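Below is one structure. I have some questions about it.
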Amino acid sequence: MSESEVPRIDGRTPDQLRPVTLERGWSKHAEGSVLVSFGDTRVLCTASVTEGVPRWRKGSGTGWVTAEYSMLPRSTNTRGDREAVRGKIGGRTHEISRLIGRSLRAVVDFKALGENTIVLDCDVLQADGGTRTAAITGAYAALADAIDWAQRKKLVRAKAQPLTGAVSAVSVGIIGGVPMLDLCYEEDVRAETDMNVVCTDDGRFVEVQGTAEGVPFARTELNELLDLAVQGCARLDDAQRAALAAE
Amino acid sequence: MSESEVPRIDGRTPDQLRPVTLERGWSKHAEGSVLVSFGDTRVLCTASVTEGVPRWRKGSGTGWVTAEYSMLPRSTNTRGDREAVRGKIGGRTHEISRLIGRSLRAVVDFKALGENTIVLDCDVLQADGGTRTAAITGAYAALADAIDWAQRKKLVRAKAQPLTGAVSAVSVGIIGGVPMLDLCYEEDVRAETDMNVVCTDDGRFVEVQGTAEGVPFARTELNELLDLAVQGCARLDDAQRAALAAE
Amino acid sequence: MSESEVPRIDGRTPDQLRPVTLERGWSKHAEGSVLVSFGDTRVLCTASVTEGVPRWRKGSGTGWVTAEYSMLPRSTNTRGDREAVRGKIGGRTHEISRLIGRSLRAVVDFKALGENTIVLDCDVLQADGGTRTAAITGAYAALADAIDWAQRKKLVRAKAQPLTGAVSAVSVGIIGGVPMLDLCYEEDVRAETDMNVVCTDDGRFVEVQGTAEGVPFARTELNELLDLAVQGCARLDDAQRAALAAE
Amino acid sequence: MSESEVPRIDGRTPDQLRPVTLERGWSKHAEGSVLVSFGDTRVLCTASVTEGVPRWRKGSGTGWVTAEYSMLPRSTNTRGDREAVRGKIGGRTHEISRLIGRSLRAVVDFKALGENTIVLDCDVLQADGGTRTAAITGAYAALADAIDWAQRKKLVRAKAQPLTGAVSAVSVGIIGGVPMLDLCYEEDVRAETDMNVVCTDDGRFVEVQGTAEGVPFARTELNELLDLAVQGCARLDDAQRAALAAE
Amino acid sequence: MSESEVPRIDGRTPDQLRPVTLERGWSKHAEGSVLVSFGDTRVLCTASVTEGVPRWRKGSGTGWVTAEYSMLPRSTNTRGDREAVRGKIGGRTHEISRLIGRSLRAVVDFKALGENTIVLDCDVLQADGGTRTAAITGAYAALADAIDWAQRKKLVRAKAQPLTGAVSAVSVGIIGGVPMLDLCYEEDVRAETDMNVVCTDDGRFVEVQGTAEGVPFARTELNELLDLAVQGCARLDDAQRAALAAE
Amino acid sequence: MSESEVPRIDGRTPDQLRPVTLERGWSKHAEGSVLVSFGDTRVLCTASVTEGVPRWRKGSGTGWVTAEYSMLPRSTNTRGDREAVRGKIGGRTHEISRLIGRSLRAVVDFKALGENTIVLDCDVLQADGGTRTAAITGAYAALADAIDWAQRKKLVRAKAQPLTGAVSAVSVGIIGGVPMLDLCYEEDVRAETDMNVVCTDDGRFVEVQGTAEGVPFARTELNELLDLAVQGCARLDDAQRAALAAE
């Protein structure tokens, strides 16, 4: 079956992103904040700057960046239990929080950041697939704003360049044998293979996480998915750049 | 000092509410959803309907309504720890969740609702005082929409009237000796007495919770605060009615 | 129906307290201890004094007072689970602990107390309604004894007056349309409206918490309940004064 | 050194128990309740009867008896944290709860009890050494009363004999080389060897738990301690019998 | 620099595995058990078979396979806290448990397994890098033995083929610019890029998880790493086959 | 029935130990490590040395020794839940960890150890009765190796003698009226009385824990059990001495 014959649920072509928006300054309190949407997936990303670093890093002259991801109970189709009520964080939440943190740290020069800590909170207000990739893409923009704020407040030296590049992320997957970009929830559920790719703006990889759901995937399929993901991230970089250029 | 001489931080008169908005249908998944704002306080209220009731109510022929309240970590001026990460819910969160649930149950006829459960999730996206009163006011509208949905889906009989009235809530307090309506965060911090009042649309009380912060308050002050609160709730009733009347 | 026609379960008139006792010095270890009873409700209140204050208050020159409330598993008619065994504190327990702490702090001059901390433990040995109001009333007396101890031990200056007044609490409610004072458990269950009122010995309010159980209540009913509560607290003040005057 | 030369803190001879009291019917709600004191150690023991047994015992025709031990935070000389607040039960609490349960089960005929569960709650109101042995001794009497209640209520057959004997417990220890009975807290702290012994009323052992604190103990010392303990338990049996004989 | 010039800590060539052993039947209780070692990394994998499936799968006619990973506190160079003592499972543990479960499920035909559940416990006795890949490789062999057992016990039909293939896993990474296979701990720490690859015995991928530590990696590097990993997994397949062929 | 007529499950005589092995140096990371086996019971004991002591012991010039015991989920016949997953440690685990710690501390001179802490981790790899006694016996040997290490590393003075003796432990019990040594699981389940005894190498007692399972036991039975245990521990001392003498 040729690609053109695969009707995507929302009419997109296999290599097309959903509409992407990055709304900066969504929160009046946070040093950086972005409401990011990938189609119907909406994630509120806030960046909180505090002077000082965790104990194990004190005196090192270097900063720290970390992230916490969470879904509102009714961000999904059926209501999920609150992790605070259950009294523990689930494996998936843990995994995604760690992924977001690692992805952002890949483009941070901690020496240039100095002994400051930035926490990225990524709270999913509405979920429709790709929440972790939207979170990474939005959190990068919130992080950039927070670093700007820290430089204006003289917490970070004016000439320092704490960001060594930009980072964005997208999901790809194979559905009915066809590789597709930026899966929505319904596609995600049906995908035979599911991959999340985090790229820098120079086209290199920060994370590649591919999982066979049911049937293992071949090297050629992996290559096609990576091609799609790299193109998708390039377009997300453009969106980030445009959003950050606006006043 | 006369009331007119007390300049409120945001220029309001003592008996003036902040701008109130109730944005319905904010979530594509929930059976009812309202993004409510009281000034800069913004709370996302979603209502989730499920058939059936908790075990202790099974076979009673009556339904149940409950609520969970939470603040995003950076909804406040300085970032708070996530309760899910700490592994337990704080006393304040518990207290407010219970208050919201009780307030809504006061206007529900559980017989008319039938054996259905509605959970109201009130997540504070941005906090500037009055988050619990905004939550109650918004949650009522989300509840109304969810009941409508349940009637269209035939979960609730078409002619049943599960809502026996409307409910809204507002904070009042005494600052510099002057009773004031709908305190923002900075006012709340400085208030000598702080009261949250939940009223039905016929002007009766569902909850009255007054607390002296520092100096105990006299009966006359209590009366003035109640007067203000009743007026405030009447205006919030109007806002709810207008929002629910819109298509 | 006239008030005299409403037979209370235990033969009291609507405005009558249950027998109140305050047994001081119940514990040999605690700096202050009172076994308080309101009828069959019995609460052991101990006050523990420690030098120093929590971290967030260090160096302020001011002290701190806090409280913890708990019920023994079989203090009630049917055995409840131990919160320690369940691994978390329930919302009601949290709420009442906070209420007791706030109520006592309303009559403490923290400057006069100096950098000392007093923890009030209120453990319900037997419950028959009004456990929180008995706890506040007894804890005040235990607190007074603990402050005396601290002055004898020179932790607090001899001439300091850390207590700015006395505080007591009582429940009121409407049953069958009649406002009644100091509800026992069976009355509490049947009450249409339930209110807990915390007063200082000069008749002002520290806390007013009224809740409609089922039917909202009118302003006139609220006023009648407040009248009853103020009278009840005045008599509890007398009981506290008498107990503290004894050697 | 002769025994008479060892002055015990409270003037007792080495083989003397502290004053023992067993106050039955202390709680109006519990099916059996005893406030037991061994000197200044005071433990409230309540027995709660429920029809039915835990899932793993269902359909066996046999009952179950279990126990939970806890100390009030200020039952001790310095205030301890509440286990409910810390969110977990400590090792010592666990250990003693299990010991009490095992000790009581040793004198219960579960067939005769039928499919009923009895939970013994032993809450230490004041601690001065020997809390676990006082708890076992008091809990036995509460259990006996609860079984009586169950027979009057026809939950247990009138002619059944669910109790196969009586059980009591006492601590013994070596201080300054001298074996002593029923240690108070100050003695317990100084003891070189510390042993808790649980006996039936026919002088046999249910539990023997001896621990060297510092220096290991010899077989002869062990024998002397066992002698003392057996005598002590015999006197505790008398006290139980007397208390249960009273109306 | 040519590959031959990179001296590996333990003298291996870049494309060489550490010595691999799979010791079957290590536990007398488990239905399948394998002590797997990749060099000094030693993981005890046990497979526990139970009839029936979790509630959400009941009546489906299909089985379930899940995994739990854990490290003994002193399996590592410095002692780590026990997760049971801390009272919660860390993100890394969660992540790896999920990875192992997914990897094994990729080669299981749940229809053929029938309504049986197999839990794989992978406990790291000694860690020296690659614990998760060793765990997957060993767990597969334990799973195969457990399925054999289930067939002998008639829990699974004799002719059913619950395993659709074999699965193994290996780590690869770039150190000093050179791609290397099966990193030991010291190499892992120094790696610029770190990748875990899970393959089936027909050379397809179940999971690909690559992470840049510090510097993002290029597509060509990714390709070289995948080449190495596929070769490594082929050799691990041989080791599994040899171990399972032995009696 | 004479003792010779009681066929033990594995053919042993009543006073015979199971085969005992102590495999030193099992772990490459730990300062001391022993894989101990009592028949099919296998426990990995590691000793971890760290400089410094817990806060409450700082500045005392004395060291500390503590222990943690745990069972792998499938060390037993049917798989148990992981305590880390359940989020809390069970009573039995707590109890045994405390017993092991106390037993080892009985032979440590903390002054000679200096301000160093040694943690003994005892992880049961396979359970067949007597896991706590095997753990104590193995942990002693691991502790001895760790102290040696600390002396070679100059953490402890070369001439110091931190060990004041050796310690070992064994279980005894009465089955069918016959006292028996070192019960395996099947015997343990059937025992009427079960006792764990911890002895020093000079034949004195550190701990004696006897429990009647069902029927209380008489003084004569207690004496016979103690005789058996003392003999058993003497043979375990020999095994420890032999293992520690080897290079």
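The letters A, B, C, D, E and F name the chains in turn, as written, and every chain counts its residues from 1.
Definition applied: contacts are C-beta pairs under 8 Å (C-beta built on N, C-alpha and C of every residue); 3 or more make two chains touch, one makes a residue touch a chain.
It should be emphasised that the depicted structure is a prediction, and the values quoted were computed from it without experimental measurement.
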Among all other chains, pick the one whose mean CA position is farthest from the mean CA position of subunit F.
B
Where the centres are mean C-alpha positions, what is the separation of subunit B from subunit F, in Å?
59
Where the centres are mean C-alpha positions, what is the separation of subunit B from subunit C, in Å?
28
When the C-alpha atoms of subunit B and subunit E are each averaged to a single point, how far apart are the two points in Å?
51
What positions in subunit A touch 2 or more of the other chains?
87-89
Sequence of chains encountered when the ring is traversed from subunit C in the direction of subunit D
C, D, F, E, A, B
Taking the touch rule as given, give the residues of subunit F at its contact with subunit D in the complex, in rising order.
88-92, 94-95, 97-98, 102, 106, 165, 195, 199-200, 202-212, 214, 216-219, 222, 226, 230
Subunit E contacts subunit F in the complex at 27-30, 33, 40, 44, 46, 48, 50, 68, 70, 72-79, 82-85, 87-89, 93, 119, 121, 123, 125-128
